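Please read the structure below before turning to the comments.
The first chain written gets the first letter, and so on, giving A, B, C, D, E and F; residue counts start at 1 in each chain.
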Amino acid sequence: FREAAERTAVPGVATGLAVTGSGGDVLFVEATSVPGGEKLVLTGQLGDVMKESAQIALSAVRARAGEYGLEDDLFENRSFHLHVPAGAIPKDGPSAGITMATALASLLTGRPVRHTVGMTGEVTLQGRVLPIGGLKQKVLAAHAAGLTDVVIPERNRADLDDVPQHVRDEMAFHPVMSLSEVLDVALEPAAKPVDVAL
Amino acid sequence: FREAAERTAVPGVATGLAVTGSGGDVLFVEATSVPGGEKLVLTGQLGDVMKESAQIALSAVRARAGEYGLEDDLFENRSFHLHVPAGAIPKDGPSAGITMATALASLLTGRPVRHTVGMTGEVTLQGRVLPIGGLKQKVLAAHAAGLTDVVIPERNRADLDDVPQHVRDEMAFHPVMSLSEVLDVALEPAAKPVDVAL
Amino acid sequence: FREAAERTAVPGVATGLAVTGSGGDVLFVEATSVPGGEKLVLTGQLGDVMKESAQIALSAVRARAGEYGLEDDLFENRSFHLHVPAGAIPKDGPSAGITMATALASLLTGRPVRHTVGMTGEVTLQGRVLPIGGLKQKVLAAHAAGLTDVVIPERNRADLDDVPQHVRDEMAFHPVMSLSEVLDVALEPAAKPVDVAL
Amino acid sequence: FREAAERTAVPGVATGLAVTGSGGDVLFVEATSVPGGEKLVLTGQLGDVMKESAQIALSAVRARAGEYGLEDDLFENRSFHLHVPAGAIPKDGPSAGITMATALASLLTGRPVRHTVGMTGEVTLQGRVLPIGGLKQKVLAAHAAGLTDVVIPERNRADLDDVPQHVRDEMAFHPVMSLSEVLDVALEPAAKPVDVAL
Amino acid sequence: FREAAERTAVPGVATGLAVTGSGGDVLFVEATSVPGGEKLVLTGQLGDVMKESAQIALSAVRARAGEYGLEDDLFENRSFHLHVPAGAIPKDGPSAGITMATALASLLTGRPVRHTVGMTGEVTLQGRVLPIGGLKQKVLAAHAAGLTDVVIPERNRADLDDVPQHVRDEMAFHPVMSLSEVLDVALEPAAKPVDVAL
Amino acid sequence: FREAAERTAVPGVATGLAVTGSGGDVLFVEATSVPGGEKLVLTGQLGDVMKESAQIALSAVRARAGEYGLEDDLFENRSFHLHVPAGAIPKDGPSAGITMATALASLLTGRPVRHTVGMTGEVTLQGRVLPIGGLKQKVLAAHAAGLTDVVIPERNRADLDDVPQHVRDEMAFHPVMSLSEVLDVALEPAAKPVDVAL
């Protein structure tokens, strides 16, 4: 139950939800960044849809940086690396889009992701959140992993009917239409500058 | 009925029309741009004809920038990203050419695309609009999505005969020969500078 | 009959002739250019022989720029895009070499291609014109498209015997050995500077 | 028994453990670095999971350079080469992640790897150590090679039960959760600056 | 008989000899060069052995530029294009190595290739000439094309026995061991600076 | 018998030993270098193991340049080309590693390779020499080619038993553990600066 808490203790890690052959699973998206090159390195045996998803996430965050509280020039002459462990397990699909965007936004704002939050949703270049499949399995996996808040696409709201009542009772769901809403739910508040008495 | 309106509320999104296995469909082309690199990033599982189409759209807009009200140097040392959701659905063909060009022109002029307008047509490097297939299905999809204006290639004008009369009655068709005409129909007027009393 | 005229009204478009599964056809090569990068972008589903042909055409025009009335430094830090519509139709073969070179020379001199002229011929790096196949079908296609002047390789001169007499009577043929001769036939005269009375 | 000692005598070489078709084996990861380019060259017939693993190792060390006693700017405008002999034997999998990271950290700190230490573990971008397979075979191979200290992922601790008692008696095991702990075990202390009497 | 003379009238074209499915043939290697980039563009449907051969030819000429009367800095920040017409015919093999090197040396010295000379031979990075196959067919093709001088590898000297006596009587053979010897035979003398009376 | 002497007369060529389908053979590795780019061009139809081997050889020589009497900055902004004739014969395997490293060291020190020396051995990034296969065939090929000194990996010393006594009697074997030892055996002494009386 403590894995998500440990993983997301530092800025740059977001908790996603996936469908696997045998149900749902929690995955962690890790983001780091280094000066130089403006490259996007992707690891974790990502399929081509998921690689595109990462490019979309980066462009979406960058294109509307101001809206997310980021300086434009944070991205200039800077490379990013997104990794989705475990390294040997192939992964694909667009539904980690908002998780990738959130990991990047967390990294760049320095605000950690709330450790109770899991999320699933395709993101578009304009920051819209599109529906995904397998909502029931994903929610069950989030529940099993001890997550209490799940960000879902607005257009998947109806799929919550398939989630058993006792699970729904123990969780909060956050249907969203835009990346802005995702970040509002997912990111810890910015650290307040400490007042210093003089 | 409100999806196209929401999607195209910001500059850089244009509404296209596609033929799918089961009829026609509306698709949205999203464009963003960042300083640096002069790269063209393409996502949305685009096939090679459609990737070329995107390159043609960018070159066509750039080559005749002045004609479309754009400064030449808008393109210098600047990269573009075109995305066509949904991210997991393969797409191909040349008929989104004018939609891609329109998304780029919208982005660069800051003029949103009119939310009632859908469009289909291949574009050439010189900005000519070439005919496409599947006009009837595309028009029906536009109608179903609540669009009221459809930009079509001049050389597809005869295909409008196949569109049922009651649909034609509720829509306006704009046959065009050039990208200039597409943009005249599709883009909202440039925001007028506000008069400021002194 | 007016398509070639419309297409070639602006500098950078040349009219080529191709053999297809069902006879001959007219194709248009479009060239544009932008500052930066010295890249050569090729679109139109070109096969690898035709892509090489485009590289040869660019190098041939550039290597002997002076001979064609072009400044050397026109090419420095400048990228080119050659497109051959229609975008979804695969094309291959070396015989559009002189058409590509002509489109580039037209673009760079600002002299439009004469709208009555179609052409076919392989070009070498030194600007020689090599023979091609399918001359009869190509000439018939040019005739059907309303073209009246056809540039052909000198070494295809004998193949004109296969063209029906009534077609030959209505057309002029220009057998050439070098790219210089192609451009002499194909390009409109340079616009004369307007005399201005003082 | 002296191979690991010889191999790791210089900074930049770390001793890993692998599973092969016929049991376990010891492998050596060699790292070098040269100024210029910020490239990552990988040799040793590495499979794509292992290549990604190397990229993760480099990013992980770089992203938290300060934590490992490294200056940030050590990485700027510098290329790295990781090699895993023997050169003709294909290798794959994520479990050399911490070995690669250790070879890099050793190279950059100038601290050699302790020659009694072998290690196995996947590393994430945030420096977490994930579990691996084949622990028993790997430990037996380490034992046979004369290694006395084995770094293993915390989450593989239970797998030590499968290792024969007499082997366990002769070795020390170091279960770790983070790359920091790996480096604490694996690297020789930094050379102390020599006191110079004045 | 006049093709080689016409082709090689300008510097940068050398006459090679090839074996085809149906005997031997003459081929022409064309070289051009433009400022910028240090790229090597290769066209003519060259196979991978022949592409490597072109790289070797360029490196060989560059590495010993002084020996061939070339300034070192001729190569700096300059790109080369080698083309072997006809553009649609696949070609492969190492035996055009000296022809490619000669075309480059001709281009860079401004000395045309003697129009009576054909040549065949693999070249190494150090400018050595290695033996080739099909000497008889190549010599017969040279003879048929009206060439009178054939440069061959020293180690193919014995293969001249297979050439019919009447052909040998009408041709001169130049067995060589090094690229220097090739260029001595193949290039026209450097144009003498014209004495100008003052 | 004189081929190796001729080949290695200039710095940058080293004599290697290979196993072929029909026994052993002598091969020559040629190295050249030009200013600019920091590329590594590889020709000779090298397989991917052998290409990696070349990268390792370059990195190994560069990483310990000082140990081999080379200035670090010799490598900066400089490209290398390694070629292994004959150009049409595919080659693969790691055992030319020390030959490639020696060719590079010879080129960069200006010290020719001793013409009596052949060598075989895999090299690692740290300059260690690993064992190879086919020692007997390689030694016989060296003997047949008139070489008298053979550099072999220390760990292949036992394989000398398989070499016929009369061959062993006529040759000297140099088992080595490191690239330093290879170069000590293989390179001619550095030309002594001529004493100049003042």
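A few remarks follow.
Definition applied: a residue touches a chain if its C-beta (ideal position, glycine included) is under 8 Å from a C-beta of that chain, and two chains touch if they have at least 3 such contacts.
All values reported here derive from a predicted model rather than from experimental measurement.
Each step here moves to a touching chain, and the least such steps from chain D to chain E number 2.
With centres computed as the average of Cα coordinates, no chain lies farther from chain D than C.
Fitting chain E to chain F on CA positions gives a rotation angle of 60°, reported to the nearest 5.
Mostly differing positions are employed by chain C and chain E in their mutual contact, as under half of the interface residue numbers are shared between these two copies. Note: the chain lying farthest from chain A is E, by mean C-alpha position. Between the CA-based centres of chain A and chain C the separation comes to 53 Å, rounded to the whole angstrom. Taking each chain's centre as the mean of its C-alpha atoms, chain B lies 30 Å from chain C.
Shown for chain E are the residues in touch with two or more other chains, of which there are none. Viewed as a network of touching protein chains, the structure reduces to one closed ring of chains, two contacts apiece.
Following the touch contacts around the ring from chain D toward chain F yields the chain order D, F, E, C, B, A. Within the complex formed with chain D, the chain F residues making contact are 38, 48-49, 52-53, 55-56, 59-60, 62-63, 75-77, 93-94, 97, 122, 124-126, 128, 130.
Residues 7, 10, 12-13, 28, 30-37, 41, 43-45, 81, 83, 85-88 of chain A are the ones that touch chain D when the two sit in their complex.
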